[in-house]
Structure formats: structure tokens, C-alpha cells
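Same chain, two partners: subunit A is paired with subunit B first, then with subunit C.
Up next, the complex of A and B:
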């Protein structure tokens, strides 16, 4: 039987898969925010289930920083740069969405083969959702050409790692988790600035064309 | 009153209720959508049964036939209408549907396709260029959306272990055991059928049904040449197709709710009808708020419908694995 925590992380994984289907940057970023909100909810519910007070703080931090702060910052960045749509690369977005749903199914099969000592029912779905988020992030990074899309893919991968850790080991200690969150925030800020810089130097933020820098 | 009489009475009442719904639900569905749109535009709007009055009025009018038409045009209308009636009888779009011989999901999907083919033939036979335009668009849309609809229904079929939609929906109050559990799959398939019906009926995100520009029409372009009784039959068949598809998706939502809360067959029946009305209202709201998609963006919209069906198929396959 599925617990509410499983339902939350699985919804996050499905929402991330649906995110791949659109190239609209603002829609993508808000969907990423919603995905992260589900993960924050799952964290809060884990905290309640295991009476871990530190997880509550982490949930609040995730909801504030990752699901509201980062999308807001990146939306602001894209407005400033005046880019609204990704160009897309390799696979058209509808097919990429179907591919990531296929990978969602694959992650369930992979989870069955994990050499975990004993998977509880909760851990099982959580691990599958985590691996699926990893794959989805990979698909996003492969199918986007703009720098903001690459950042988005990286963020989704980070979410996947976090979900995997949360459902398998009840998360890291508060200090480590806060350090990771801070690093993420700084990472996104720095990459945002980098995007500005790229735009200024090359008048586009298409990472596929950056290879021409090589001598 | 003994058991046999009670049974007879019950099946009679089902037939009467069913006949009443087949006549009144389709125009009511259209009426609700038009009324919702009118209210959202601050107009009073036509009465709810105006589509029915329109159809009755059309029946009294004479008709004009183009000189290039062959008999196909007349036959196509009748075939489409008859197919829709058969579909209404077989498809479990209502809880209180009377007995029917078969409701295989492949048969139902391809009967819908048969009706579409005859609409196309009629449009091509009329000899008007707009008819051919509409026909080509309709084929494109049908091609895109058919896998989604089929995959969603097949997911339900796998989940319930039968390709017979009667068993899948277990619509009769007598067999209320049905398939319970997993409200998720019912919800996903319900959403998938609802979204694919929007494409299938060429409604708002895909096509504007009230457009006056022939170049962008899909369904209306195909029936431009029809008039009088022909038009009345086509309009009614279209409305019936709409209520069958909305009814199927409302049934899915009712089953999703029934998997969570226990409810009596009577409540299910009422919820079923209310669900069709609610879907019609939400379609009206959607049509007032959204803008028509660019024609090249339609496959992206359909991709989301396919995704819903794919997810439902995943849930079905997953539940099969856990059962083993």
C-alpha cells in the first residue's frame, strides 16, 4: 500500500516528467517549483512520521529557497535576458517527455535490483522516484540548448539525489543538509551571473554554440 | 411482486431512463457549454434546451443539395447517426445503461473511427474545397489522438483483466463489485479521455467551434454543405458523440471517487449525470479563458494526452507485477 509520502515523491517524479514536454522557460521553472514543493511536503511528512524535528526546518528551507527562491530568480534572469523559449536540441520535447516516462518505468525495474539489505515499502517507491528524477534531469540537460535549461536539468538531478537520500536514510544531518542548500543557492546565483556574462559576450546563451570557442 | 417481475421492472426502467438520456443529455450538454460561455461574457445566453429546439427547427426546413453530390453524402449522414446510436447503446457512458451484447474496447474505438470515416466521405462528396480542408484536418487530429484514447482504455483493460468495457466499468448496480482500488488509474484514464475528447470533438484548445473563418474550421467545414434534416442528424450525432466521450470520462472519475468512498449505485448514477454536466461547464470555462493553439502546436498538446495514457498503462503494468 502506498503511503502519503510515496504519493508525494511519485507526484514529484511525474510532474518532472511532464515538465520535459514544454520548452516554455517560465512554465518549466514554475513546474520545477511545484515539483520541489511536493518534495518539501514529503520531507515534512517524513519528519512527522519519524519525529525528527530537524527535518521540519529542512522542509521549510526547501519550500522557501528551492521551490520559490530559485524559480523566481531564474524567471527574473530570463526576463532580463529577454529569452522565453528554449530552442530544443536532439529530441523534440513531446518525444523527450515520453522517453522520460519510459525511464520512469525503467527506474522501477532498476530499483528492484538494488542491493539494499531490506527495502521497506516506503523506501521502495522513494528510491524509484529518486532514480526517475535523476534520469529526467539527464533528459532535460540533453534536450535543452539554453544555459537556463542546463541549470534546470542540474536542479532536477539534485532533487533526485535528495529524494533518494531522504527516503533511504532519512536525510543527512541538519548541518550537512543546510550546507548543501546554501551551496545550491550559491551555485544557481553564480550560474545565473555566468548566463548574464555569456549573453553579454556572445549575444546568445546557446550552450551548443559555445564549442566554437575551442581553438 | 416476485423476483422475475422485479427484474423486468428494473430493466424496463433502465431502458426508459436510457432512452430519455440519449434524447436529452446531448443537447443539454451543448446547451450547458453555450450557457456557460454566455454567462462568462456577461450575456444571458440562449435557454439550455436551445440546441434541441434548433434540431427540431432544422427538421422542418427544406434542404439544398449541391449538383456534384452523389448518394454517398446522404448515406454518410445516416451511417454516422446510426453508428452513434449503436455506440451510445454499447459504450458504458451511463451507470444505468441497459443490457447490451458486447462492448469490446477495440470495437468501440474503431466504431468511432468508422463514424469519422463516413463524416469524411460526406465532406469530400459535397465537392466543396472547404469540406476537403476540414476532412484533411480531421484525419490529422484523429491520427494523433486515436493512440492516446486506445492506450488509456487498454490500460484499464489490463488493470481489470478484460477487454470488455462492460466488465471494466461494471456499470450495472447488480454487479457493484467491479474494480475497486487504485483510484489513480481511473483518474489518469479519465483525464486522458477528457483531453482526447477535446481533440476528437475539435473543441477549444485545438479548434474554435464557434469560428466564422472557414480556413480554420475542422468539424464545421465538413458540414458546411449539409442543410435541413441532414444537418439536424449531423448535429445530433456530434452532440451524442460529445456526451458519450464526456460520459466515459465522468464514469472514470466516479469510479475513482467510488474507490475512495463507498457509494450506492443510485449515488453513482446521479454523480455520473452531474459529472457530465460539470465537465460541460468546465469545457465552457476553458473555452472562454483559453486561446486556440497554433495548428503546429497541437501535437504537443496531444503528447500530454498520450503521457496520461502512458502513465495509466504504467500503473496497470505495475499493479500486474505486484499481484504476481
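Up next, the complex of A and C:
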């Protein structure tokens, strides 16, 4: 039995997998925005299903900040830095997309075996979507060379954690959720500024070349 | 006024406030500990006011040591435990301190050594000016002192290990304080890694004991069970590494010479004894009976005693010589400890009591004497700017006071009555003789007799070692201009040496009361009623008198009669006699060293150059090399294997974010798979 909530988060996971297939920064960021919009929708539906008013606010905040604000800020950053396309690392994007689809399937196998008693009640589609998003985020970070790509991967991982928490615990208290959102926003701002700084110091934002800092 | 004070005191005793007085003393000791921390901070703040900070800190150190001594004298024999209240916790554990007979004795020794180190510092640090940072030195030194108080007073394993770590790290920093020299850097690193291994083993042993006994407090630990043998082994080896017992002594001849003299005095005088303290506190009082562990300790102690003195004999660096001699003495102490444990297991309480008293008394004696000798070596180093015996000589006329102190210390090391070294070594021999007579098993009797032989060889070699140190270092004529321009050490330095000499002589003369005092401290068990007094039946003044009379008779009979003839020595046609015609450090040690060639790997290469090199040599070079088999055959190869492995591991750290992400991702997947599979 698949509920509309599960459908929403699974589409978010699939959309994230598709995002891996492209290297265009602007496209990537807007696809991330769409993924997050699905998650906001799932949050709103959860609020309706369980009559939790506070989840509505959270859904609105996610829609406003995470699915619109952050992509806008990062698009602005990339315009400012005059980068439009990632170079790609390790594996070519089509292969990476198929890899993340494979991990999507793997996450279903993994969640089935998870020893969580709540999963009987909430269904494990949501958990699978969360873990799949986590893997997708890691794949994004693995296959991007520019610092903005790394931020994007990190954001996808965060989405995965949020989805897992939302579907398994029906959302955290409003205060915690607000705190997490604020942290996210600040984190993205800071890393955006860092990207500027890296560009200034190293004249590129290619993380594959930042190996001399290892000691 | 005096009557009033006595009346007041009587009132307090009548009112049952004697316990309160006891608590006051405990507060003074704890207050000392707190003040030491504050002083450490002050030293850091004052670091650029060198002269002021040196004086102030020396004074503070002396004052604090004196106050803790006073507090000790104020308390009686009672034991008490102090557990820190709520805000002063180590994480979630309260710190627990325990003051009883054993720790009282060690606190006393530490205070004495710190007091003399404090007196010595002001004059000595002038010599190191510009080479060490005085703020850093004082901060770490005070932390070091503080942590040693902490280790000795700690009542549970958590407090012990925390204090132990502060002690290890601060002493490592002190060893490296003159870090512009390459050798000092190397020494500090070797010492640091030795302490890491020791702490690791100790932590392992403590955790194991915690899981066996379910408590961190030393009082609850029982080593009498069969499972406790492995934690006991870990703890024994951990302490042996820190004490510098063979074959873990490798760090010691590097660290002691590299450290400033005050530091090496405290390290050798007290820090190495802390390991013995730990062994007594944890293993002996924990009721260790396992014969494997006891025999291991016995064997290691015997080997260290012999190995240490053999290597001390062939050293040319004064402080290195003293360092090896420390290995010898720690070996002797461990040996005495093992004899006590053996005797307890064989149900011979008399032997056990004698050996235990001997071990603790030798800790005390060696602590005082070795700090005295290290301070004297420091004085020589600061005045002659070298510790190389090849460059010293003739200091007797330049530094008579230091010479007198060094000679008295050396006499004590050679165990000549009335000095204190005699009394404790006599007790060790006594325990061995008793165990040779009282033991049922003939094997044990044989072992005791063989150990007596070994100890007499060790004693003879110790005499040779210190005759060499005294003769080559202080007598004859100077071998270099540096030694020629040496002057007597400053008043503070002399005062601190004299204080230690007085303590050594005092402990020697009043040995019988000291032995009685120590033997009543109930060292073998935590049960205070179980101790019996050990008698010291010798009369030290009588013995000294006999010795003096014998010396006089020998002098009058053999030496006085040989008339002094004044004539010119034939110089073999090589020109006037120079300082090089004296017996050198190597030439003194060589005949003895040759006997022990299988152990010592003593290599001499001499080359003579010149046209007709037999009769008219132009250049003669003699090179003496001591090859340490342990270091070259065992430690260096195993170190090479470790560093090879480490290089392989370092490839994992490539610096690439992508690679790290792969690690994270694969770990996550594997963990989830493992989690679901289970």
C-alpha cells in the first residue's frame, strides 16, 4: 500500500537520481529545488494526515527557504563566479546516474532488513527514499569537482536525513526543525562565501586540486 | 604565650578536634596542589620577565614543598580518603585522593626533592638562559610537580591515570625544553613514545581490572584470582617501561641527559619511583600471588641491576652514567619487591617484611642520592659547560663544595656507611640471606644464593663506576680550557646540594629508626594491623668507626711507609707530560669492560699514522665504541617495520575529498549491510 506521502518522497528520490545525470549547475540547482518542493509537499501531507499544525509551518519554511532561497543564492553565486558547468570527476554522469539508481534499489533491500519496529506502522518506502537520497548525495559529491557541486551533494544528503526523520518519527518538534533549517541556511551561506574565498586564493574552485592541505 | 598555645592545643584535643587537625593538614596538601596550578599559570604570564619569574617561581616551589612537608609532619599515621565534591569532577567521575602511610612517605620524598630542585633552579637557569624558554619551563615544571603529587595521592584508577598522563606529557615537554639541539629533540621523541606505550598498557590493565572487579577504586582490586594474571602483566610492564627496567630502558639514557639538571634530578629521583609506588599500591597491596608475574619481575629486576651498572661503567657523559646507574638501582628495588612477593607467596612473613622495607627504603635513599648526584652534575655542567668526562678533570680545586657533595653522594651509591645507601642495600642482602635459609624449596634457596652473588658483582661494578666518575671528573688536572675556567657553583646551588647530603647522612645514621618507621607502614597489605616492625640490628656509628679505623691502619701500614720521592719521570722522548697522560675515562673502564665483552660489545679501534709509524707516530687516534645490542638488533628493526606499515597506511590519506567520500560511502553501506544481516 503506497500512500501519497510515500509517492511524494519516492519521486523526490527519483528526481535526485536524475539530477546526477547532468553537469549543468543551473539545471542541477533547479532540480534540487524541485526535489525539495516534493519533500515540502510530503511534509504538508503528513501534517494533514496527523493533524499537526506545526508541520504546516515547517513545510512552508522548507518551500520558501530550501527549495527557492538556497538554489537562488547558489545560482547567483555561480553567475558571479562565472561557472556554469561542472567538469565531472571519477565517473561520467550517465554512469553515475545509473549507479545512483542502483543504490536506490539497494536502499530498498537495506531498509527491509532494518531492525526498526516503527517501520511496521509507517511503512518502509519513506525510509528507503531517505537512505536513497543519502546515497545520491554522496554520489553527487563524488562525481563533482567544483565546490558548488560539493555543497549541492551535502544539501541532498541533508534532505535524505530529513525525509528519514519525517517518515519514521512524524517530524521532530517545531523548535528543533527550525534550528536545523537555520543551521542549513547559515551553512550554505558560509560555504558560498568560502567558495568565493577559494576562488580568490587558488583562482579555481576545483576540489580535486585541493590536495596539498592533507597534513 | 607558649602556655597559652599549649592550653589551646589541649582544649582542642579534649574537644575531640584532633580529627579536625588532620583534615587541616589534608587541606594544606590539597591547597598546595591548587597553588601549584596557580603558580603554573603565573609562570606562563610572567614568562618575559625572566629574572623575576625565575626567582619568584623558585621561591614558590620551595615554599609549596615546605608547606606540604609541614602538613605531613602535622598528621599522624591515620589514613583518610578525600573525594572531590560535585563541580570538581573528571567528566562524570569524582576525583578521589587517599593519604596513607605509603603515600605519606612518597609525598615527603617528593617535597624534599622539589625543595632542593627549587633552591637549585635560580642559579642553574642562568646557564640555560637563551636556550630554554623560562615561562614554558616553569609552567611545565610546576604542572609536573603537581601531577606527581596527584599520582601519589590518587585513590582510584581514573584519577591515577589522568595525573599519570599529565606527569608523562609535562615531563616529556621538560625533556625537550632545550630543543634547539638535534639530540634533545630525538630524546624527547623517544621518551614521549615510551610514555605513550606505558600509558596504553596501564589503561588496558586498568580497564581489564575494572571489568573483573567492577570498581575503579584501588581498594577493591584483587589480584589474587586466576583471571587477574593478564591485567597484572599489563600493569607490571606498563610500570616497568616508565621506570626504565631492562629491556624497556632504552629511553632513559637519552631522556635524563637531555633534560635540564633539575628536571633529571626530579625524574630520576622521584618519577621513576612512582612506578614502584604504583606497583606497591596496585599489585602488592592488591594481593598478587601469581608466580609467573612475580618471577618475571624478579628476573627483570636482576637483569636491569646488572645491565644498568655495566653500561654505567663505560659511559663518558656524566649524566648518562648517572642515568644508567638509575637503571641499576630501579632494578634492585624491583628485585627487592619481587623477593617480598615471593616470600609472601611462600608464607615467609619475616622475609617479606624485610624485603618490602628494603624496597621502599631504597626508593627513598636512591631518590635522595640520585637527585643529589644529578644536581651536582648540573652544577658541573653549568660551570664547566660540558658533561663529557674526556673534557673534565681537576674540578676538585675549582669547585670544592660541589666536589664534596658529589663524593658523598657517590659514597652513598657505593653503599659505604654511615651514608644511607648502605642501610637499604644491607636490608636487600639480608632478605636474600633469610630466604636462602628459610625457604623449603632448594631451587628457591639456590636462586637466592645466586642473586647474592649477582648483587655483589653489581656492587663491585657500582664502586668502579663511581670511582671513575669521581676520579676522572674531579681529580687530576683539567682536560680542557672549559674545565679549567670553572668556578664554584652559586650559593643556592650549594645549599640545595648540602641539604640533600644532610638528608642522606641523616637517613644513614638513623637508619634503624627509619627502618622501623617504614616497616610499620603496612606496605604489604591494606590492613594496617598486619605489619610487624623490622629490626635493623647494626649500629651504624660503630660500623663507621670500624671502617675509619681500618682505613687508618691500612694507611699507616702500607701507604705512610712508602716515602715520597721527587724526580722527573722519563717521558719516552715524547716531550713534556700533558693532561692527556692521565688515566682517561675509557682507559679506566676498559679492563673491566673487557671481562664482560659478551654482553657489552665494546669495540676499540686504534690507528697510528706516520712514515715510520712504529717509532715516530705522527698521529694516534683511538676510537672506542659501545654497541647496544638491544637497540641495534631489536628496537631499530621493529621500528623500521612499524614505519613501513605506517607509510602504507598513510596512503589512505590522499587529501582528495572524493577519495574520502568513497571511504565514507562504502563504510556506510557496509555498516548498514552488516546491521541488516545480523
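Keep this in mind: the second predicted complex is superposed on the first by the 207 of 215 C-alpha atoms of A that agree within 3 Å, B and C clash if a C-alpha of one lies under 4 Å from a C-alpha of the other, contacts with A are read in each partner's own complex, and residues count from 1 in each chain.
The definition used in the following text is that a residue touches a chain if its C-beta (ideal position, glycine included) is under 8 Å from a C-beta of that chain, and two chains touch if they have at least 3 such contacts.
Just so it is clear, the model here is predicted, and its values are computed rather than measured.
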item: Clash or fit (per the criteria above) of subunit B with subunit C on subunit A; value: fit
item: Which superposed partner A:90 touches (first subunit B, second subunit C, both, neither); value: second
item: Which superposed partner A:17 touches (first subunit B, second subunit C, both, neither); value: first
item: Included angle at subunit A between vectors to subunit C and subunit B, based on C-alpha centres and rounded to the nearest 10 degrees; value: 140
item: Partner chain in contact with A:108 - subunit B first, subunit C second, else both or neither; value: first
item: Touching partner for A:189 - first (subunit B), second (subunit C), both, neither; value: neither
item: Touched partner set for A:138, first subunit B, second subunit C, both or neither; value: second
item: Comparison of subunit B and subunit C by subunit A residues contacted; value: C
item: Touching partner for A:207 - first (subunit B), second (subunit C), both, neither; value: second
item: Where subunit B and subunit C come nearest after superposition, their Cα distance in Å; value: 18
item: Residue numbers on subunit A that touch subunit B, as the complex places them; value: 14, 17-18, 21-22, 93-95, 97-98, 101-102, 104-105, 108
item: Residues of subunit C touching subunit A in the complex; value: 653-658, 661-662, 664-665, 668-669, 672-673, 675-677
item: Subunit A - residues contacting subunit C, complex; value: 89-90, 106, 109-110, 112-115, 131, 134-135, 138-139, 141-142, 150, 207-208, 210-214
item: Subunit B - residues contacting subunit A, complex; value: 299-300, 302-304, 306-307, 310-311, 314, 317-318
